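Quick notes on the structure that follows.
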Amino acid sequence: MKKSLEKLLNKPLPVDPFMPQRAVITDIEELAPDHKKFSFAFCDESVNDSWNHIPGQFVMLTVPGAGEIPISICSSPTRKGTVELTVRKVGRKTEVLHRLKPGDYVAIRGPYGNGFPVGIMEGHNVLIIAGGLGIAPLRSLIWYILDRRHRFKEVYILYGTRSYEYVLYKEELKRLRERNDLKCLYTLDKFETEEDRRWADRKGLLTELIPMVELEPSETFVAVCGPPVAYRFIGKELLKHGYPESQIFVSLERKMECGIGKCGHCQIGYKFACIDGPVFPLWDTKNLPEMI
Amino acid sequence: MDFHIERAKVLPKSNLAKFLEGLKNLSTLIAPVKKGDKFIFSEIEKVSDVAVNYTRTILPPKKFLVPYRRERFSYSTDTLQFNKEFKVRDQIIFGVHSCDLHGISILDSVYLKENPDPRYLEIRKRTVLIGISCMPDEFCFCLSTGTAFPDGANWDLFLTDIGADYFVTIGSPKGDEIVLKLRKLFKDIEKKDLYLYKESTSKKKKAFKLEKLPDLERISQLIELEYDSEVWKEGSERCLGCGTCTNVCPTCFCYTSVDVPTLDGKKVKRIEFTTSCQYPYYSLVAGGHYFKPDRASRFKHRYYHKFVGYPYQIEKLGCVGCGRCSAECPAGISIVETINRLRGIDEKELREATEQASSR
Amino acid sequence: MVRIGIMGLTGCSGCQCEILNCQEALLKMLKRVSINFFPLAQDDNSLEDLDILFVEGSVTTEEDERKVKKGREVSSLLVAIGSCACYGGVQSQRNDEVSLTEMVKAVYGEKGVPVKVSKPRAVSEVVEVDYELPGCPLDKKQFVYTVASLLSGVKPFFPKIPVCHECKLSENECLILKGIPCQGPVTFSGCGAPCTSAGVGCQGCRGNCDFPNFEEMVSLLTQRGLSVEDAVKFLKVFRGYTAKEIKVRGVVDEKGA
Amino acid sequence: MKRELNVNHLSRVEGHGAVDIVIDGSALKEIRLRFTEGPRFFEYITRERLYTEIPKIVSRICGICYVSHRLASSMAIEDAFGVEVTEEIKLLRKLLIVGEYLESHALHLYFLALPDYMGYGSAIEMAKDYPNIVKRGFAIKEVGNRIMKTIAGKTVHGENVLAGGFKSIPEKEQLERIRDDLYGIIPELKATLSLFDSLNYPEANSPHNYELSLKGGHFGSLCEELEISDGTVFTKREYEFFVEEEVSPYSTAKRSTIKGKAFLIGPLARVNRALDSYHPSVKEEIKKLKNALPSSNPFLSNLARAVELLEAGFLGIETVERLLNAYPFEPEVPLEPKKGEGYGVKEAPRGTLYHRYAFDENGRCIGANIITPTAQLQAVIEENLASLVEKDLHLPDSELKKRAEMLVRAYDP
C-alpha cells in the first residue's frame, strides 16, 4: 500500500468538522431594514474561551430547521467573549434566522477561510473599501486594526450604501469619523432625505471616493468587500491609481454548503472560496477569469 | 495465524466462483452485475450474477463510499442536540477497474487530506478493494490520463487476467489476509505466470486506438489559455445541462445539503445529496446572481475543474479516463473530442505524442 | 393546529388521490393539522381562515376562478399542486393552436357547454401562488416534505434540476441513447424518475427544469424518429403556458434536410 | 307549497357535482344532476397528436380510473392498427386491473361511502373511533397501489401502460411480492364483504330499464362484446349505435341513453350478471350474505363493490401465478401505424367506458370519441333520485338531501 494512503487510513477518526457547536443568541440588534446583528455565546464555555479568528473569516451557522449558511464574522478577535454576525434577510434560511429571539439556540462551526493577511499588512497603510453588507467582514478588520493602531500606518475607510436607512453600524461609524487616527469617507447612492445629506460625504458610487484617498499606493494594502458587481469597477479604479494588484485583497461571496472544501459549490475557476478564500489578492482575478 | 508473506499468487479461473463465495462469507460483497445492456455495481446475493468481463458500469463504485443521498446527522429542534446515526459496515468491492481505483485515490485525497471527513474515513477503512484488469473500448482513454494500470496500491488485491488464471497481486495486509483465508483456491506463481503478467500490460496498451486518444500534456495551461475558445460555446449549445457527466464520474464529489424536518416537527435531518456543477442553482447566490450564468460557463467549468482545479488542489488530474461521461451523455458529447478540438492538433502530431507517452 | 384546505378545480382528482395515498404520513400529519376544507373526502367544509390551501386543477370555468380567488383571500399560503394547477395541465396543450369556441363546438356541438368557460389556465395566471408542486400527479414525498417544512416555518427547497439526475443515480440505461424519446433532460426532477426506470421515456409531466435546452432536445428527438412538429407536440403535452419557451434550432434547415 | 332542495357541492365524490330537486306540493317537479366540472375537451386535444401520446393524454380524464382509460385507448389503438397483444400482456393487464380495483373500490368503500353508514362526515373523523377499520381500508388500497406502481411505474398515471403492451415487465421478485401481498389481504377482503353486508341500506327498489356491462359482467374481462340486460349482445364497434349521447343543457357531462331510456352500469350491473363466473371461494362467501344478489337496489352498489374486491383478490393471485409460470416474457408487441379506426371498451370501477379513435397513415389522431361512465350514469342517477324522492317525500329537507347524496355517492359518478 502507498505510504500516503497508509498514513491517511491509519489516522484515528478526526473530530467531525461537520459537527457544529451549540450556541445561544445573547443579543439581536436591528441595524437596517432586513439587516440584523446577532451576538452569540457558545453553550460550551471552553469553546468561548478558545475561540479565535482572523478578520475576514466566516462561520457556518446552523439555523434550526432551515439549514446551514456561511456568514462572515463581524466582531473582532481582539474583543473576546462573543461572536457577532450581521445577516441580511434574503431567502429561506435567513428568513428563519430573523425570526429567532435572544435565548434561542443555533449552532456554529468554524472559523473557516483564510481571512485578510493581517500579519503582512502590519507596518503599512490600510485602505478599507466596503459596499453595502460588505462592511460586515471589514468591521472585524477595522476593529482589529484600531485595537492595534500603532502597528499600522495611515488608515482609510470608504463605505458606500443605498441610503442612510441602510447604513449599518450607524453609531459606530459616526464615532469612527470623529477619531483623528483614521479617515472615513462615506457615500450614498441616493440623496433624498435630510439624513442622507448629513451622513454622506458625497452622492455616487464607491469608486468616486478612491481619487480622494491620499495614500502612497505602493505602501498601501487595500481590503475590499461589496456586492459582486462592484469588484470589477473598484479593481479597475484602484489599479488606475497605482495600487499594486498583489496588495489589493477582495473578499468574495459564493454559494457554500460545507465551508471546508467538500461540497464544491464555491469554486471560482480552480480555487475554492472556502479554503483558498474567501479573501483573494486581486492578482488572482487574472487566473480566475470568472472571479469577478 | 500462520506467518504468511507473499507478493502474488495465482487464482485459476475455475476457482473464481469459490473465491467469490469465500469473499461473500467474509462480509458484504459488492461486484458488477449486468443490467439491461449495461453493468452496475451491486450487492451480490448469488455469486453467479457477478460479471467479470465488463467494460464499464453506469455509476462508479464511488456510490458505496459516498452514497448519493446520505444523512450527515440529525438534531432535535428544541434543544439542538446533535445525533449521528449512520452505520458503517464491512464491505468488499470486487472487480474494480484501474481507472476507478485511481478515482478512489482522488476521492481519498479530497476527503482525507484537508479537513478529513470522519464518515468517509470510517467507510474507507472498512472497505476492501479488489481490482481486476480490463480491456479498453472506444470510450476509454486511461492511457492518456496515466491511469490504465493500478499504481502503488490503494487496493488490497488486484486480479490480472493471464488466460486460464488470474495473477493476483497483493497490495495490503488486508488483501494478504484474504488470500491466507482462502489459500486452498490459490496456486503459487511460476515463471510463466510472471511472464504472462508482464505481457498483459503491453497487450492492454496495444488495444487502444492511439489516434483516438487525447494528448493531455500541459492540459492545465492549455485550458487556461483557451479560456475564451469557441469550443466551449459550441459544446454548450449541444449540452443539455442534465448533469449526467458529473453524476457518473468517479471523481466528482459536489453535493448540496438540506435540512429536512420530520412531520412531528421534533427532529431535523441534514441530508446531503449529490449535485452537479451543470445545474444553474449550483452557483446561485442571494440576490439571484448566478456565478455561472450561462451554459457555456457551466460546460467549461467541468473541464476547468478536472484539468486545472484538481491539479491545483490535489496535484493530480481530476479525470481518470474511464469514458463514462462520454458513454452516458444523452447528447453524445465526448470529453476526448472536446479536448482534441481545444488542442486543435492534427492527427499525426497527436499520434506521435501519445506513442511517446505510451512508450514511457 | 394548522388549518389546511385541499381544493380541486378542473382536473382529474389524481393529485387529491395521491394525497390520500400518503396514508401513514397523513395520519401523522393529522396530529398537527386540521383539515378544514377537503370536499373530496369530507362533508363539513369551510373555506375560511386557512393557513395553507392546496389547489389542484386548472382554472377553466367561471366557478373555478371564483373559488380560487376566494381561496387566495382566506388562506395565508397557497400551494398549487399538480401540473394542471402549476402549468395548465394536458387540457391546455392546444391553447395556442385553437380557439376556445372551436374546441367547444367540436366537442359539444352547437348547443355548447352549460357553464361559462375559458381556456384552461394555471392557477398562477389568476392569483398569486406561493409554492408549486408540479407533477402529474404530484409526488407524495414532496408533498409530505412541503407540509413538514411549512409546519416548521421553513420554505421547502426544490432545486429545478433535470430528471436525468434522478434517472442516472438510479442507474438506468439512458433511453435517449437507446433511441427512445425521453424528456428527462428538460424536465424538473423530483419524481424519482419512475417512468424512465420502467423503460418509458420521461413524458415531461413536471414541467421545465431551470434553463432547459429545448433546441438540443428537439434535435435529439428528431434524430430518434420524430418529425420536428411531433417532437414539439410531444414536449408540449404537459408544459401548458410554459410551452412557449420551446425553441427549435434552425427549423427551416431541418425540414429541408 | 313549493320546495326546492339544492346540494350545491356534493362532497366525497370525485369531480364536481350538484343536485337540484324541485317539489311542488306532493309531486316531484324536477330533478337535475349537474356536473359543473370544467370541460377539458379530451376529444379535441388528442387530435393531431401521435398515437403514442393518446393513452398518456386520456389517462388524465380520471385519476382514479386512469388504468381503464389507458387500457381502453391502448386497445383502441391496437384495434386500429390491427395487432393483437400476447396472452402474457393480457395477463399483466389483468393484474393491473386487479390493482386498480383494489385501490379504487377500497377508496370508495372506506373513504367515500362508509362514513355515511357509520354516521361520520369523513373517514378522518371515523378514524378516531374506528382506527382499525380505516387501517384496513388503507391496507387494501396500499396493495392496489403497489400493484399499479410495480406494473405501471407510478401509483397514479403510470406511464408504462401503452398501446402494444408495456415497455418493461416487473422483476420476478416483484411479482412474487405481489402474490404474497394478495394472499395477505384475502382475510381483509372477506372482512370487508361482511362489513358491507351488515350495513343498513335504505330500501330502494327501482328496477332499471336496462343494465349494461361487458359480456359476462366480469370486471376483469378484456372481451370486446357488450351485453344489455334484455339479452342484446353487441360488439364494441356498435357501441355508439346502442348508446346514444346528447349534450345536456345543464351539465358538462353528456347524457347517454339506450333506446331512449336510462340504463345502469357499474358494479351492481356487473355483479348481477357475473355471479356465476366468480372464484368458488367468492361464490361461497356470497351465499352467506344476508342481502340477496342480484338486486335492483342501487344502494347495494356498495355491496357489489365489496364482492368485486374479494374477487379481485382471487383473480389477482391466479393471474400472478400464471404470469410467474410464463416468466420471462416479451413486454410488448410492435406497432405499425396505419390509417384506420379503432375501438376500445373496458369496465372501469364505476362502469363501462368506450374509446374510439381514427388515425391518419402516420398514426396521428384525426378524431376521437370517448364515452365516460359519468355520462352514462347521469340519466340513471336522475331516475333513481326521482323515485327515491317520490317515495320519501315526507322526510324533512335535510334528511332527504342526505339520502340523495348517499345515493349519488353509491354510484360514485
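All chains are identified by letter, namely A, B, C and D, in their written order; residue positions are counted from 1 within each chain.
Keep in mind that, in the parts below, a contact is a pair of C-beta atoms (placed from the backbone, for glycine too) under 8 Å apart; a residue touches a chain by one contact, two chains touch by 3 or more.
Computed from a predicted structure; not experimentally measured.
Colleague: So which one's got more C-beta contacts, B-C or A-B?
Modeller: Answer to which pair has more contacts is A-B.
Colleague: What is the distance, in whole Å, between the centres of subunit A and subunit D, each centre taken as the mean of its C-alpha atoms?
Modeller: Whole-Å distance between the two chain centres: 65.
Colleague: Averaging only over C-alpha atoms, locate the centres of subunit B and subunit D and give their separation in whole Å.
Modeller: Chain centroid spacing, subunit B to subunit D, equals 52 Å.
Colleague: Using mean CA coordinates as chain centres, what's the gap between subunit A and subunit B in Å?
Modeller: 38
Colleague: Two-or-more-chain contact residues of subunit C, please, as numbers and ranges.
Modeller: Those would be 152, 154, 157.
Colleague: Two or more other chains touching the same residue: where does that happen in subunit A?
Modeller: In subunit A, 65-67 touch at least two other chains.
Colleague: Among the residues of subunit B, pick out those that touch two or more other chains and give their numbers.
Modeller: Within subunit B, the residues that touch at least two other chains are 77, 256, 258-259, 261, 268, 275.
Colleague: Which two-chain combinations qualify as touching?
Modeller: Listed in label order, the chain pairs in contact are A-B, A-C, B-C, C-D.
Colleague: In their shared complex, at which residues does subunit C touch subunit B?
Modeller: That would be residues 25, 28-29, 31-32, 144-145, 147-149, 151-152, 154, 157, 159-162, 164-165, 168-169, 171-174, 176-178, 182, 184-186, 210-211, 213, 215-217, 220 of subunit C.
Colleague: Flag every residue of subunit A that touches subunit C in the complex, lowest number first.
Modeller: 65-67, 92-93, 95-96, 99
Colleague: Under the definition above, what is the set of subunit D residues touching subunit C in their complex?
Modeller: Residues of subunit D touching subunit C: 9, 11-16, 34, 36-45, 48-50, 53, 56-57, 60-64, 66, 107, 111-112, 115, 121-125, 127, 138, 141-142, 145, 149, 152-160, 162, 166-168, 247-252, 254, 331, 364.
Colleague: Name, in rising order, each residue of subunit C that touches subunit A in their complex.
Modeller: Residue list for subunit C touching subunit A: 152-155, 157.
Colleague: Which of the residues in subunit C end up touching subunit D in this complex?
Modeller: Where subunit C meets subunit D, its residues are 8-18, 20-21, 23-24, 27, 30, 35, 38-45, 57-58, 60-61, 63-64, 89-91, 93-94, 97-98, 103-104, 106-109, 111-115, 117, 120, 136-137, 180, 191, 194-195, 197-200, 203, 205, 226, 230, 233-234, 237.
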